[in-house]
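Below is one structure. I have some questions about it.
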Amino acid sequence: MKSKYNPHIIIANGENAAAGRGITAKIAKDFFDLGIHGLTMGNHTWDNKEIFDFIDDEPRMVRPANFPPGTPGLGSTIIRANGKELALVNLMGRTFLPAIEDPFRMADEIVGNLSKKHKCILVDFHAEATSEKIAMGWHLDGRVSLVVGTHTHVQSNDDIILPQGTAYLTDAGMVGSREGVLGMERDAVLRKFTTQLPVRFQVCEGKWQFHACVVDIDEATGHAKKIQKIRLLEDEWIME
Amino acid sequence: MKSKYNPHIIIANGENAAAGRGITAKIAKDFFDLGIHGLTMGNHTWDNKEIFDFIDDEPRMVRPANFPPGTPGLGSTIIRANGKELALVNLMGRTFLPAIEDPFRMADEIVGNLSKKHKCILVDFHAEATSEKIAMGWHLDGRVSLVVGTHTHVQSNDDIILPQGTAYLTDAGMVGSREGVLGMERDAVLRKFTTQLPVRFQVCEGKWQFHACVVDIDEATGHAKKIQKIRLLEDEWIME
Amino acid sequence: MKSKYNPHIIIANGENAAAGRGITAKIAKDFFDLGIHGLTMGNHTWDNKEIFDFIDDEPRMVRPANFPPGTPGLGSTIIRANGKELALVNLMGRTFLPAIEDPFRMADEIVGNLSKKHKCILVDFHAEATSEKIAMGWHLDGRVSLVVGTHTHVQSNDDIILPQGTAYLTDAGMVGSREGVLGMERDAVLRKFTTQLPVRFQVCEGKWQFHACVVDIDEATGHAKKIQKIRLLEDEWIME
Amino acid sequence: MKSKYNPHIIIANGENAAAGRGITAKIAKDFFDLGIHGLTMGNHTWDNKEIFDFIDDEPRMVRPANFPPGTPGLGSTIIRANGKELALVNLMGRTFLPAIEDPFRMADEIVGNLSKKHKCILVDFHAEATSEKIAMGWHLDGRVSLVVGTHTHVQSNDDIILPQGTAYLTDAGMVGSREGVLGMERDAVLRKFTTQLPVRFQVCEGKWQFHACVVDIDEATGHAKKIQKIRLLEDEWIME
């Protein structure tokens, strides 16, 4: 993958990296060792308590910026790699998710500040509802390089360059087993839906799937020139 | 489109056909006149009161089968066209949606009955959460020809033939303007998210987008042989 | 208390008896040894896994009857004590709670069956929304002796005999510390609301409160003759 | 009522005054003419569009203060009557309600400002969940005279003076018909719960109920000396 696209900067969402529930220092280190330059999080940020031990010392990781004032960690950061820099912002939606600060107003504030010094800005909008995600795309069109959604674990087929130059994708999709439900054992998930009893979810084994997107940014303007979805299935290659 | 793929049977979701809110007899007739053979609905089924006047006389339209007993209209039907027949089922999810009957148990019951006489079965699972939709795909794998989701208005990039022969797509996506949010004026939707005041949504004008999927079914087994997503944007053709 | 009111049959809700999360066999036994004749449950029924070991052997305990078919335990039972008998039914609401079977239709079915042989019927409707609870009161008015709500942990001041003879109370209220929030440490609950971070809730110490209601039933008709709320605060007696 | 208790200042919640949906200028005027000195609102504030015409000119009415910046109307105000003054604050909860600003932080800010000049402060916390309401009571204990909840339409039986001097009541309850569900026709509400079809709710006729609470405040400290619930049912008097 890296050799095919040769990206300058690679970002991943890590909120489910620790067996579906948060992330650990070890796993974060593994990501960075693999060549990932920055990590975003989401509603599962705090699931693994270990995060409280290292998030304040890790400038390459962001958690949703619209958690209340005083929340540990950063909501935005600057990632530098291969001679390039990218401002990285994480926001979380509020539709069908916990009641935190308004992501649209927070976007205005953070992007307003970042854009004084930075052209290339990526916003990972971690949200459930397509309406809220698409609205954020329009809200930031022309002000950031890319608004990409996470959280649903299913890649959307709606990659587009919006009229003012922001690349947009409702959901980047997941990396993990393709034999389960969002990466968890499918029998357990089905049992949960049909019995409403407590069920312990295990990470699913089996063939993998890999989803991502690649965006070319014009460094002079910060506008996106091209967005490409990537979808790889073990035993099958599906790529545009 | 029709001449390119030449499908035997065409199904559309019509729950937002009347300016976003339900459907009317006139609009349903227009769909059928255009060559659509069957219509499915969803959480907006009853938004336009006119539906109560004609749904019980329209065997080509289904509303979610897991509404409570006594609900007007059909939850499943048989569509016949071009010498072929397709059993059409509509179900609705319960995650982030109204509390109705269990869609998984209802699926067992309806598919159990239909499969006594019919090989080719399409299930439109109208639902919000990707977990519930993917779980339904696995639940019905090998028992129906196709499980396709609707409701999010964004096409997913996860078309697949599941191991037992059921074609699956989390969401078929929408048909309508691509300059709004789910087909509605984007300024109004943004105002709603940022002010939380009541906002009147209008159907959006502007360039259109068209999403669909085409599935080849083996009539002898009812299993899917191939699934293809279609995504057309006005001024751009994006097709696999 | 017992000597003051001298009730024939005493029922308690036990879903939070094990430090807020479910119930154990030992705690259930303690309740019965204290003179409680029947136990109802709710959305926390399954929080303590131990319940799966004994619920099928305990005819004095009911869990919401509108869990899906196949759920362990009973949804209704007959409690006999002091020469009297009381049919005990547990139902759970669906507004702001998990999507289970329709409690209104389930009420029709269960009450229809019970009333063939039993006059005195108590329904514990474990629900969040006052609208759903009051609706259930009207739904069953004249068909059961008492509809009493649980789940909010706050006693309501709306005890009434409905026109057809059913006693009704939106919520019976809780028994436990009155220095916390619903029985849990108030600092932790406040931290949860203000930070949206994960917080471990501990059962609250401190002065207690006791809430209950006493209903006199006409055994010939099953109709309620009188309903009385009880509210006792440590260091204060508040009783009508 | 007025002659019995002879209160200096009377406050009412008016969010459902216009047939259940918002309030009009005429109805607000009727309230003031009847001797009510201040009005609070809630999630139904904007249901009747007429409010946008007069809310900015009406200093005796407050809407939830934690609506986003720029929302019409006031979140707090000073009510003066009979030689007394009362600072009136309206806040709205976020559990099972729209995602607005954090009511706890907003409470800190508003109460911090008001308490520089005012001793007697009433907070109407319009919220669904008992946990959020009780948490707000503890949060403001000793800082305001009274935290009283609204929104559930059912009076709670938990009036108390908290240890630092704040009177607290989870819900004040409603004024209106007692033959419906929260003041609306009970048949329509039941039909909604059992069919999940759209139902038009009408205000219920029939015998009325009246709920309120009376609080005595020590003007020197702003602390509550006494809180009394009032519950009146047509044809019955129920008063402690």
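Note that the chains take the letters A, B, C and D in the order they are written out, and that residue 1 is the start of every chain.
Assume contacts are C-beta pairs under 8 Å (C-beta built on N, C-alpha and C of every residue); 3 or more make two chains touch, one makes a residue touch a chain.
Please read all numbers here as calculations on a predicted model, not as lab measurements.
Taken together, subunit B and subunit C share the touching chains A, D.
Subunit A and subunit B have Cα centroids separated by 28 Å.
Computed centre separation for the pair subunit A/subunit C is 44 angstrom, with centres defined by C-alpha atoms. Averaged C-alpha coordinates give centres for subunit A and subunit D that are 41 Å from one another. Multi-chain contact residues of subunit C, defined as those touching 2 or more other chains: 68, 99, 102, 105, 194.
If the chains shown are joined wherever they touch, the resulting network links each chain directly to all the rest. Listing the residues of subunit A that touch subunit D in their complex gives 68-69, 94-95, 99-102, 105. The part of subunit B that touches subunit D in the complex is made up of residues 46-47, 49, 67-68, 70-71, 98-100, 194-198.
Interface residues of subunit C, counted against subunit D in their complex, comprise 96, 102, 104-105, 128-132, 134-135, 138-139, 152-158, 160, 170, 173, 178, 181-182, 186, 189-190, 193-194, 211, 229, 231, 233, 240.
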